[in-house]
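In the two assemblies presented below, chain A is common to both, partnered first by chain B and then by chain C.
On to the complex of A and B.
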């Protein structure tokens, strides 16, 4: 799992009507941590950049459904 | 003025006939945090923002229209060949009754788009913080749609759009830093 995913454990009552989801996750994408972008960061190749949606490797943080398997050609 | 390039920013491919996905995708078309709201929000705010960040709002606002076009293409492909019966099964019966398979600016629950979704406070920090929040909300919306979609090709396009939200948020955050640094600072080059 991406390092930009955080997990927390909500309280589950023994009397909850549905089976509890014990761990919940949320996304904390890289833009939260960098401040102003520093110079000379590592780049994708132009073709990779067009596919991923960013030139900068540090900002690449793709989201996959937990019900979907990642594909081989993803650069995560 | 704008120059139009007659192609999508990222290729849109839909591989499964699942009109219900169109019902979810329309949230990004005419929803409060959708691409239309984003484009109009930024392109309107840019008149009263310090000139160092006008260009950023112009660029991102313009790109939002490119995203709107991608979402529209996805919705169109998912619904153009749907029979009335399929529209009913997809939960799009109310949409069909009003619009046939035409696209319309409303959210996933059918609420029409309204200008009160967007704000222009005239305060540069307030406006940029609104823009950052809008990008993060759009990013989250893409996550929830990807979670509900089982179409790998569609998800590929949605992942691209979500990545762009991350980049836009980053650039708005940098714009805030530029405006913070500007006052009372002597810069020697």
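On to the complex of A and C.
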């Protein structure tokens, strides 16, 4: 489930009206790292699958923003 | 306007869950035609969906048209509540 969070550093011009944001992060979805899906992956129950939006646990990515604490209440 | 029984909502949610599983499995099987277990699972869920459809339709009425669902008497597929109203 670990969303691999990557960071990039936007250019901050001296004429920026607001204080610059030095580092911006984005989360990369798990399917980037999986390639062709292997068979017999571990699955959610149907009800959970309806909530998480995917049938296979490995693809579940709630895509939390960096400012949002990852709520682990509902799923793995 | 007829109100839906309480157990309709649980059955409908279960039907939606099974439908979702079937959609995901269909997409998976499009790229994995030889996956025997997945096909078994697909057929089990297809069978399960038929059972669930009867349960839901007994309370709600026809879900689909053009012969995909039996009709009540009188012709009632256009009766409320509509899917976005349940």
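In the analysis below, the second predicted complex is superposed on the first by the 60 of 76 C-alpha atoms of A that agree within 3 Å, B and C clash if a C-alpha of one lies under 4 Å from a C-alpha of the other, contacts with A are read in each partner's own complex, and residues count from 1 in each chain.
One rule holds for everything that comes next: a contact is a pair of C-beta atoms (placed from the backbone, for glycine too) under 8 Å apart; a residue touches a chain by one contact, two chains touch by 3 or more.
What you are looking at is a predicted structure, and each value in this text was computed from that prediction instead of being measured.
In the superposition on chain A, A:67 makes contact with chain B only, while chain C stays out of contact range. Of the two partner chains, both chain B and chain C are touched by A:37. More residues of chain A are in touch with B than with the other of chain B and chain C. When the shared chain is aligned, chain C comes close enough to touch A:47, but chain B does not.
Shared-chain residue A:27: touches chain B; no touch with chain C. 36-37, 50, 54 are the residues of chain A that lie in the contact sets of both chain B and chain C, per the superposition on chain A. Of all residues in chain C, those touching chain A in their complex are 13-14, 16-18, 20-21, 24-25, 28, 31-32, 35, 37-38, 45.
The touching residues of chain B, when paired with chain A in their complex, are 10, 139-140, 142-143, 146-150, 152, 155-156, 159-164, 166-167, 169-170, 173-174, 177. Of all residues in chain A, only 27, 29-31, 34-37, 50-54, 59-68, 71 touch chain B in the complex they form. Residue ranges on chain A touching chain C, taken from their complex, read 36-37, 39-40, 46-47, 49-50, 54-56.
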